[in-house]
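Shared between the two complexes below is chain A, which has chain B as its partner in the first and chain C in the second.
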Partner chain A sequence: MRGAVAAQPRGNHRRGLSIQLAVNIAVLASIYALIGCGYVLIYRTSRVLNLAHGELMMVAAYLLLATASLFSGHPLAAFAASALLGLVVGAAVYLVLMRKMTGERVLAAVLATVALGILLRGIVVLVWSAQQQYPGQALGWSNPALALPGGARISAAAAALVLTTAAAYAGLFAFLRYTRWGIRMRAAGQNPLLAAQRGIRLHGVYALAWGLSTFTGGLAGMLIALDAGLEQTMVVIGLKAFPAALVGGLDSLVGAIAGALIVAAAEVLLIHYVNPLLADVVPFLVLIAMLLARPWGLFGTREELDRV
Partner chain B sequence: MTTGAPLLALEQVEVTYHRVITAVQGVTLKVARGQIVALLGTNGAGKTTTLRAISGFLGLDDARVTEGAVAYRGERIENRPPHEITARGIVLVPERDKVFPNLSVAENLVANVPRGAPRADLAYELFPKLAELRGREAGYLSGGERQMLALGAAIACGPELLLVDELSLGLAPVVVQDLAKRLQEIRDRLGITILLVEQNAPVALGIADWGYVMENGRVVLDGDAARLGAHQDIREFYLGQSSGERRSYREVKQYRRSRRWYG
Partner chain C sequence: MRRTALTTVLAASLAATGALAQDAYVVGLTGALTGPAAATYAPVIEAMRAYVDHVNGKGGVNGRQIRLIVADNQGEPSKAAADAKKLLAQDKVLVLINSSLSSTYAPMIAEAKRAGVPLFYAGAVCPKETYPPADPLQFCSTAFGAQYDSRFAMGFVKERAREAPRVGYAAMAIPISRGEIDYAESLTKQLGMTPVDKEIIPPPTPDYTPFATRLKDANANWVYSWAPWVTQVRTLEALRRLGWKGDYIAYAHIQAEDELERLKDGDLYVFGTNAFFQDTLPVHAEIRAATHRAKLNYPITQLTEGFIAGLVLEAALKGTPWPPTPQKVLASMNNLKVDTKGLRGGPIEWTKDNHFRTRQYYRVYRWDPAKNAIVRVKDWTALDVK
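Let's look at the complex of A and B:
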């Protein structure tokens, strides 16, 4: 991620600079949006905040190292296999761990995700060590910088990330609007009891939400790793995407895009004009500002926070 | 009541909320195939709880059938999850929150997991008004339209037994009359058995074959719908046709006597 965002503008030309800043904002917003939709999917179907989302995303990215050696010579297959594994891991986490929490207090479920996150971090260090890894090398993919009109530059992985985010959102919107299971997912989010009374298997819907959430998070994790390497600090990126999802209102995908843009713009501009050291706190500053300014707007108007 | 094994039988059912609050106790009732059975009672009598004991609780309801048995086609179904009850052919139209407000009318029908083939067309056929409202968000429907959608969606699940909680709640008398006719049509044409919870005794007894009256979590009276409608206590307590002083609801002894009298 750093690679993409910190890409240096060519020359000091003003227009070139502002275009480069816009590109950086777009890339960072894509990252936050792609990660953030995972928070939204789980929250809006089951009212649970998944605070292990960053860790799950990281696990999916590390799985790319495993699939890269498994499918050596077929990088695309390795990438696809790792993404699908993310889907399976997410659904499995729900079915094995979170399923027991359905119907418990939301706080218990959120605490369970915190514990899960710590556990996953430990597993990752044990299995893959704490050293920085480069799945891009393992796949044999180079990451050239592409020139954009106006003198701006973007790395190939960052460009792939922007396109993937657009495709993921288009796919999610279509899924939620036009497919039976997508509509059931929305129904379960609105009224789980009525959904069950209409024959919908809640555990199935929730497992699907967890699977899709880890799938999209995993795509983000893998593309970030291709761009900037992979280490445990990826969790921080996952955490920084949370304010983006929250600022937009946790139960809306459109809101997640808006929130991602706001947070990314604030972050890129403050890094550039004020101090690069602000990078990791900006999302949380934006979040606090948002909470102070319009706390009622955060979760939309129609639903209460404490429904499971 | 018709002889032979009933479609649904509750035997001495007790439901407990939050492990301590006993909402209904010793409820015994039977629904024969092809009948419309009315379950009457004042506020808090335990009608909704009885229907929920049949249709199933979620973990977050923190409610359980703690005594007795609910048998559907001879199989025990108490404390099974709601989606499983629906898959067996029992579908509930709940009292409140009966549609998904942020889904369109069409989406409300699509969200179902029906038994067998999807029957959204059946809902439109029974309630042509719904077809006009297809694209409308269910949250914006009027009370009557919402009840039609709830009934339509339940029918689209392909039930054998339809549980309806408070058909008339908050609806104009003409609308209630119309919906009551539709229920009869649903039974006559589709052969769906109906257990109907109502505050409005004349409406319910008008279309029902058999009626039960609940009071304080117990069944206190049951009988042929026509005879119940003519019963003095019913007239006084539920039809509001009292001759002189209204008696207290708590006069359960009176009910017990009546119950013996009916046999």
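Let's look at the complex of A and C:
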């Protein structure tokens, strides 16, 4: 294969590059949006900032390793089982830990999520060791590259991530607008006292919010792991999505999409045209700019601002 | 009566523990057993612990046991500093061992210097202070060595390339990796090759494709990466998904042997200083037996580095007459020659001025699709360390 790297004609090359950059933005935005909606779901329902979201996402991704051996030869079944387990883990975290924080100051609840994160990181090392893992290999899935028009390419896992993000958001919008539990969740987020007086069981709603948050975060974690492998640094990827959620507004799902698109576009374009070293700081630069101009985010609610 | 008996038992056990400690060579290790960097360091630490158990099982060194105290610093400088203080003040260790990120070095060096105790880097990147003229207290057995690695790799690229190499680089955004890639870039020019793009990739990155897109866009036909394994391999995988067909050369970290088999990429070359298990040396059977006894959870292929560190530690203690002091261990380490039993291309030799090694040996491996196996592309090649 040596020496097979050939130059393309200039016009085709530039068009291909533009399409590839657009694909890169779409993939990164999908990652941030799918992770970010977990932060939004919990915050808009219970006003708690879940700083263990990265760890919960990682746990769900590791669960895929466990289900891969249980459903050997059935990757979709393993994936679905792991996603559902993620939902159960999220709800259990609320029922076992966060429920006890009811009535406490929000800061206490946030600190509880920090402690939860440390605990989960320890458990993951004990159960799965610190080694790099490849759930795709365990599932017998090779993650082929797909050719797109204009010479752009995308991995199958990245394409699945984009489609899953679209489906997850469509599902969430429909759930919140048209289903009884979705309406209850919105009501609990808007005015928990009134919602409780109307007979809505707040603990059930909050448990569902935690479950859905871990479910969507877990989907992101599993698809990232299928694309690039799995190890402890996934936690940091979970944190990188946080600025995107803040830019969009922490209590808005539409905002999470917009924030993810803005941060991803800034990151990909600055990596390509200015300096790859900017990748780490871009999300936070965008966040600072947004906090200066509009502290509640693009689609956030102004009165939800709370000075600490 | 019962209280007196309990007190007697407690006193007897404390006395026994003290006696055991006094009868043993006490060595302290702080490393990243958990945390984001654990994948690189935990197998080294566990293999070293297994090797020490293996030595103790054979009667120890000079008739004494080695007591290895292991602390987990999670790759955090503050924890490494606290560990070093405790190991030096409380456990009175003869040698401090670091198996962690370079960010943990400064506080440990300060503590080691204050106590006059040698500091041994095992599986952690060798700092420049171990190269000649070496710092009196710092020693290193770790396989990879800044500058020597790039000198070998760039020479290999020039030798191997069939057309003029246009070299791209991938580093992780940490000082050691960036510095090495900058050095490699300058070497590339000196060797008459063309550097075309350099990607400094933050750890961790959700998607490596934007960086790979730049490397591909720069029309590189070779990419050289000297970074933690995760950055090296994910950049390669992203490049391949984009349809890039060039050659890729990366450092053979502890994961390399398994990863060559997983990737099955005929144009990925890994160079390193440790023999692969596919070479089936007699010492590999020894490693297998020791790790089996220790019931280690890591693939056997990842344990060579820790085993070599164990060999070095054993040799250093063997040259330390009883009763041991840090000064006696230091004297032994300043005049050390360790037979690596074929795990490296030659012995690890430390002198008063050179605490790295006098010669660094490299081998290159790749996956051969025709043979469906890992093959040796270039056998031991020595670089003098001056």
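Rule of thumb we're sticking to: the second predicted complex is superposed on the first by the 285 of 308 C-alpha atoms of A that agree within 3 Å, B and C clash if a C-alpha of one lies under 4 Å from a C-alpha of the other, contacts with A are read in each partner's own complex, and residues count from 1 in each chain.
To be clear about the criterion, a residue touches a chain if its C-beta (ideal position, glycine included) is under 8 Å from a C-beta of that chain, and two chains touch if they have at least 3 such contacts.
Just so we're clear, the structure is a prediction, and the values are computed from it rather than from any experiment.
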* Asked: chain B versus chain C on the shared chain A, clash or fit?
  -> fit
* Return first, second, both or neither, reflecting whether A:A145 touches chain B, chain C, both chains, or no partner chain. => second
* **Which of chain B and chain C A:M222 touches, first, second, both or neither** => neither
* Go through the superposed model and pick first if A:R184 touches only chain B, second if only chain C, both, or neither. => first
* Check the contacts made with chain A and report whether chain B or chain C touches more of its residues. => C
* Who does A:A196 touch here: chain B (first), chain C (second), both, or neither? -> first
* To do: Would you check which partner chain A:L253 touches, where first means chain B only, second means chain C only, and both and neither mean what they say?
  => neither
* Asked: In the superposed arrangement, does A:L21 touch chain B (first), chain C (second), both or neither?
  -> second
* What is the angle, as a multiple of 10 degrees, that the CA centres of chain B and chain C span when seen from the CA centre of chain A? -> 140
* **chain B versus chain C - smallest C-alpha distance in the overlay, whole Å** => 36
* Over in the complex, which chain A residues touch chain C? Could you list them? => 1-5, 7, 17, 20-21, 23-24, 27-28, 31-32, 121-122, 125, 129-132, 134, 137, 145, 147, 153-155, 158, 224, 227-229, 231-237, 240, 267-268, 271-272, 276-277, 279-280
* Asked: Any idea which chain A residues touch chain B in the complex?
  -> 102-104, 180, 183-184, 186-187, 190-202, 302, 308
* Asked: Given the complex with chain A, which residues does chain C contribute to the contact?
  -> 33-36, 38-39, 42-43, 160-163, 166, 173, 199-211, 213-214, 217, 219-221, 229-230, 234, 237, 240-247, 255, 262, 266-267, 297-299, 302
* Report the residues of chain B in contact with chain A in the complex, numbered from low to high. => 55-56, 58-61, 81-83, 86-87, 91-92, 94, 97-103, 107-108, 110-115, 153-154, 157
